[in-house]
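Input: structures, listed below.
Next come two complexes, and both contain chain A; in the first it sits with chain B, in the second with chain C.
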Partner chain A sequence: MSNVFVRYFNLMLITLVILSLFSFFLAYLFPGHPIENLTGVRLADISQLENSEFKYRSGESMLVQYWHYMSALFEGNWGKSFNSGLPLYDEITNVLPASIELSSYALFLSVLVGIPLGFLAAMKHHKFTDYSLLSVSVLGYSIPVFWLALLVILIFSLQLGWFPLSGRISLFYEIPKVTGFIMLDIFLSEIEDKQAAVNNVIRHSILPTLSIALVTTTLIIRITRRSVIETMNTEFIQAAFARGLSTRQVLFRHGIRNALMPIFPLLAMQFTTLLTNAMIVETIFSWPGIGNWLIQAIYHQDYPAIRAGMLAVSALVVIFTMSIDLTIRLMDPKRRRLKRAAI
Partner chain B sequence: MSCEKLIHSENEKDGIIYCSEGSPSNFNPQLDTSGTTVDASSHQIYDRLLDFDPVSGDIAPALATSWLISDDGKTYTFQLRKTVNFHSISTFTPTRTFNADDVLFSFNRWRIPTHPYHDISGGQYPYTDSLGLARLIKDIKRLNGYRVEITLHKRESSFLANLATDFAIIMSAEYAEKLVARNQMELIDHQPVGTGPYKLMDFYPDRYIRYSKHQEYWREIELTNKLIFDITPSSSLRLAKLLTSECDVIALPAHSEVEVIRQQQSLVLNEKPGLNVGFWAFNTSKPPFNNPKVRKALSMAIDRNALIEAIYFDSAIPARNLVPPTSWAYQSDIKTVSYNPIAAKKLLREQGIEEGFSMTIWAMPVERPYNPNALKMAELMQSYLLQVGINVNIVSYDWSTFRNFLTQGLHDSVLIGWSADNGDPDNFYRPLLSCDSIKSGTNRAMWCSKEYDQIINQALQFDDINERIYFYSKANEYLAEKMPILPIAHASQYQAYRKPIKGLVINPYGGIKFGGVKKH
Partner chain C sequence: MQRFSLYQEEYHPSPLHFTWLEFKQNHIAVVGLYCLLFFVVITVFCPILAPFDPTLQSAGDLLIPPAWYSNGGISHLLGTDALGRDILSRVIYGCRMTFGISVILVILAMLIGVGLGAVAGMSEGFRSSFVNHVLDSIKAIPTLLIAIIIIAILGIGLVNSMWAIMLALIPQFVHQTREFVSREMKKEYVLAAKLDGANNIQIFFRSIIPNMGEALVVQATLALSISVLDISALGFLNLGAQSPMPELGTMLSEGIEVAYIAPWTIAIPGGTIFLMMISINLVGDGLRSALRNRLLH
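Moving on to the complex of A and B:
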């Protein structure tokens, strides 16, 4: 077992090192002076700075520079944004939770809707309900996220005026940042009307959550349906039927538990897809997350921000995927890899 | 809890959200003439000695209650208002009210190069530099705590108007001293202290600016508890947020969206002929654009009426002079070039510009009232100039780089413009084309003419409008002949807000004012 652990850890470490190397060389590949791209301080100011504050040694060999770059990264000194002049570490820890929050809402909603519908489709296998659910899920899966987002804005914000179309809370509420997760921050804050603030956050979250949850929901319907059909065809289920249990009894006593076991790891893997979709939807809903922030950075040619943002997102995705994969491996060692990743 | 209450809590009633178009570079309009900085600071955080009445355009008392001008027009004595409180912010609590020291500090900062604060935040004061105000003022004296005397080297009739512009703000001298002691002098422009109706609470670049009411504001006007600038660069998103009432007021509605706003029952659209000009400036320091005939020929190749239709959606009028028709220096009978590609081609060949000559048109990357879409305009002009055998490359950078490169004179020609800061025509003639304004970066034509400078300086020697008109018409003729820039349009100015907002007026002389605005 420890063998597996070491192998995964090594793989993760190597991937992260390659990512950090890539981000380091981005500073050289981007236009402008590498030191500017690394520190985010414009050259006129740099001459006034001593090397002590920014440890990048431009005179020395690449390897030494990389070493200093890495040690600065671990100290939380990620450079500054060209655009806002704020430290990138602060900026990213500000925006990343917002994206994770949005993805979590969407994952929660998808599971809540997708699993019951998947069960329904499987139980009505090859019947009208099954076929209509399947075709709806194909349709849902095929709709581009950004188009759906624009569509819901058009209908629910501009035409009906039910929901706001930008941000995650009205600017009238001043919520001091503690964790970066707005719901938590509201509970930690000392504002007067917490209920109103929470309502406001919910109203802001509904449309973006719906837009990204759709694709994941359709995926979950399909995963669940297949798993349930497989489970229902196994011999122990047939035996349960033979003992004279009703369909209802079979499903609740044996079916659900055995069908859900292989689904959960697949659900966790959806989180990275969600995060990607969330980044797209953020720009449309002006959600203050990492996707929106990165697009702004690209728009302003804010090279230090692009570099750090890319590293933060890819490292998060790598670490998350690897940890889930490892957990599954530890929980369920007998399944083969391919089977786990299939949808 | 009713549904209505769920959606609009009490919290939202005592605040106004203004969707602005960008982040200010700092909170001191002395340092930056861009409209974004002015909107975020000038009328919210600060007051001036004098103000313009937004309706009549007359100069009205503000921090100065009255003023006296000596007979030779060189000495101005201002009586200052008493019991005017400065903002109290988390890092500074004022111990005294506004007095003459604050006036001296605020003016001496840009006036005297050896002033300890002069070089803080770059040491560039584009507005006052372009008008040469520092050289004009001989001395500023404190007569007593509430009386200040300003002496000028020579008579200048636009002086009072300049003191009422968005840039002549009054800052706190006491705060400045505190910052010197703490060795944090640059904070004066980022955590400002003024006497204005709102004080700055929080600024997050590209997201928001929060202000709160100045409890002891000296003017008896209605103020809202919270004023929030929601920074939204895209104009269509601003309009969408206005429709969903996420914004109460929006900055710069696009000319193409004006019709949509008019049709909405819940919105109000204010319109006024703007005091602005959009133009095409030639870099006259570079050959062949130093040749007036080449400039004239290029101007003749452009159909300006078609540009106005396509870019401004008919919400602008074609420009004949530098100044718009609302200014008294406007001349309707001036001879301007008209669209004539054949004559243009002929004139170009005579001046030695052959078929296939290539030049750049720089198109500004941001929307401005005077030019809502410079990039599209440049593309249209590209096709017009191709007809006379000139290849055009369109150049654009992000806004701050763009302006930086323009000041260095890297362009061949540029599409840009100017919004007036006060009602005096001098505000167009001097900052745009005088020799002084090349260095301060407002003279985009890099044009320096001794004759022209002499004419516009002479105009300032007189207080009588009729006498000044004589000089400005001479200037107009001179410009029509030399053509350092081709004036294109004077665009109407719009302001859109939701019905519950009361008291918001269009300020033709620059920045938006939220003092006296309230949501009902």
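Moving on to the complex of A and C:
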């Protein structure tokens, strides 16, 4: 058991170090002076400030510079944005929760819909239900997510006027930022009509959630279907049928557990797809998340912001996938013997 | 002619033919294949097929609806956009941009990825585990994010976005090839080739590549769909192909401004990407299940 922990911790550490090294060298790869890209302070200002620390460290070897970069990262000093001049740490902690919120709604929705439909398709293998679900899923994951978002806006916001066009909450409500997760913030805040605010948030998040969730749902349907079909063809299932158990009993006692176990790591992999799609959809719905923020940073050539944003997103993805994988490894006795941990 | 007949059948289909026979069983996948061939034809012959120059602006013909609207005309079959450009011609040229570039990118990424993967799969010990770690950490980052970072380094533009997407596609091919090669290297036919005195390069090209071909094609269709989606997404976000170019994603983002009064300006380019993606995915799925079924027999 502790062996598994050590191995995973090791792998995660190495991956994060590689990512941070990469983000450090990005400062050298980007156009402009590396110090500007690392600190976000324009060089003219530095000479005005006569900040000896910057000069001193830029003359040292790469390794020492990287060391200082890392210690600054852990102190929460991520540099400043060229564009707004605000500290990047604050900006990212502002926008990242919004993206996580949107992605987790979508992940929750797609798991809730995808897994039962996948089971349904697998239990009706080679029948009409299976074929129709399969064709719908091909349509679903072929739709370009930005086109889907545009169509949804055109139909539900502009034509029918059911849902608001963009944003996260109506400007009418003023929610003080505590955690960055709007739902929690509403509960923590002291505004008068919390129910109305929650309703408003839900109305704002329905369209973006749906347009992201569609692709993930169809992928989950396919993953689940394949896994259940493979599980139902194994010999212990045949043996259970031979003992006279009904389909229902077989499914609930043996099928679900064994079919779901291999799915979870794949579900964790979907998180990256989800985040990518969320980044595109955010720009369309003007959702104040990390995707929207990063793309704005590219338009404005805000290199410190790109560097910090990339590090934050990839670290989030790596930590999320690894912890899901570790949980699965601890839960599933069959996988415990595999030699190497992998993301 | 006297013949020593071991089997009932007169001729024995090759593995490739077997795959085709299995693939043909799936009618929807065959439709997808014809659709894909249609896109290939459009991509190759687009200067002949397009009725107008895709960047030709005619001030008199702004926002003409498609022919099936009551006030649409026959000269512009799919209507015109906000600058009076013929949408049919732009979509035809857009297929060449989006689809043609994707095909080239996938082929290049496949060549590089398979080469690197073969080296990684044949190496052992520390080097192999180091490559594994690096690959795993890259695989965790979404391709579009990698592409966006590379564009941030190189700058905005179509050529830069092509570089970005190609680099972002390579890790998948490396990963697949490495797994496949390291698995095959333990098998006996490779051992036999080794005993015959073949070196690593000969083993890879003569023994492993023929077995890997079909799996690679399946992976390539997957990469093709990712690449089409990413090119059009980057075009849509104004990070890839820039505005006058007839790229499907760029057309879509131009259409947003007039989407309410002229919905066809976003419906047609988006629908084209959708159709392209469906045909690629259908062929990929069909191939995958054909290969799986062939191995079952």
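Please note the rule applied: the second predicted complex is superposed on the first by the 282 of 343 C-alpha atoms of A that agree within 3 Å, B and C clash if a C-alpha of one lies under 4 Å from a C-alpha of the other, contacts with A are read in each partner's own complex, and residues count from 1 in each chain.
Quick note on the criterion: contacts are C-beta pairs under 8 Å (C-beta built on N, C-alpha and C of every residue); 3 or more make two chains touch, one makes a residue touch a chain.
Predicted model, so just to flag it, every value in this text is computed and none were measured.
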Touched partner set for A:G85, first chain B, second chain C, both or neither: first
Which superposed partner A:L11 touches (first chain B, second chain C, both, neither): second
Partner chain in contact with A:F264 - chain B first, chain C second, else both or neither: neither
Comparing the two partners chain B and chain C, which touches a greater set of residues in chain A: C
Which of chain B and chain C A:F25 touches, first, second, both or neither: neither
Partner chain(s) touched by A:I295 [first = chain B, second = chain C, both, neither]: second
Chain B versus chain C as contact partner of A:T276, first or second or both or neither: second
Partner chain in contact with A:D193 - chain B first, chain C second, else both or neither: first
First, second, both or neither for A:L158, with chain B first and chain C second: both
Contacts of A:Y66 with chain B and chain C, given as first, second, both or neither: neither
Common ground on chain A, meaning residues reached by chain C in one complex and by chain B in the other: 158
Complex contact set, residues of chain A against chain B: 83-86, 153, 157-158, 161, 163-167, 170-174, 193, 196, 199-200, 203, 286, 288, 296, 300-301
Of all residues in chain C, those that touch chain A in their complex: 28, 129, 132-134, 136-137, 139-145, 148-149, 151-153, 155-156, 225, 229, 232-233, 236-239, 249, 252, 256, 259-260, 263, 266-267, 270, 273-274, 277-278, 280-282, 285
Residues of chain B defined as touching chain A within the complex: 6-7, 9-12, 15, 17, 23, 202, 205-208, 210, 226, 228, 230, 232, 237, 240-241, 243-246, 398
In the complex, chain A residues that touch chain C: 11, 14-15, 18-19, 26, 29-31, 135, 138-139, 141-147, 150-151, 154, 158, 272-273, 275-276, 279-280, 283, 294-295, 297-299, 303, 306, 310, 313-314, 317-318, 321, 340, 342-343
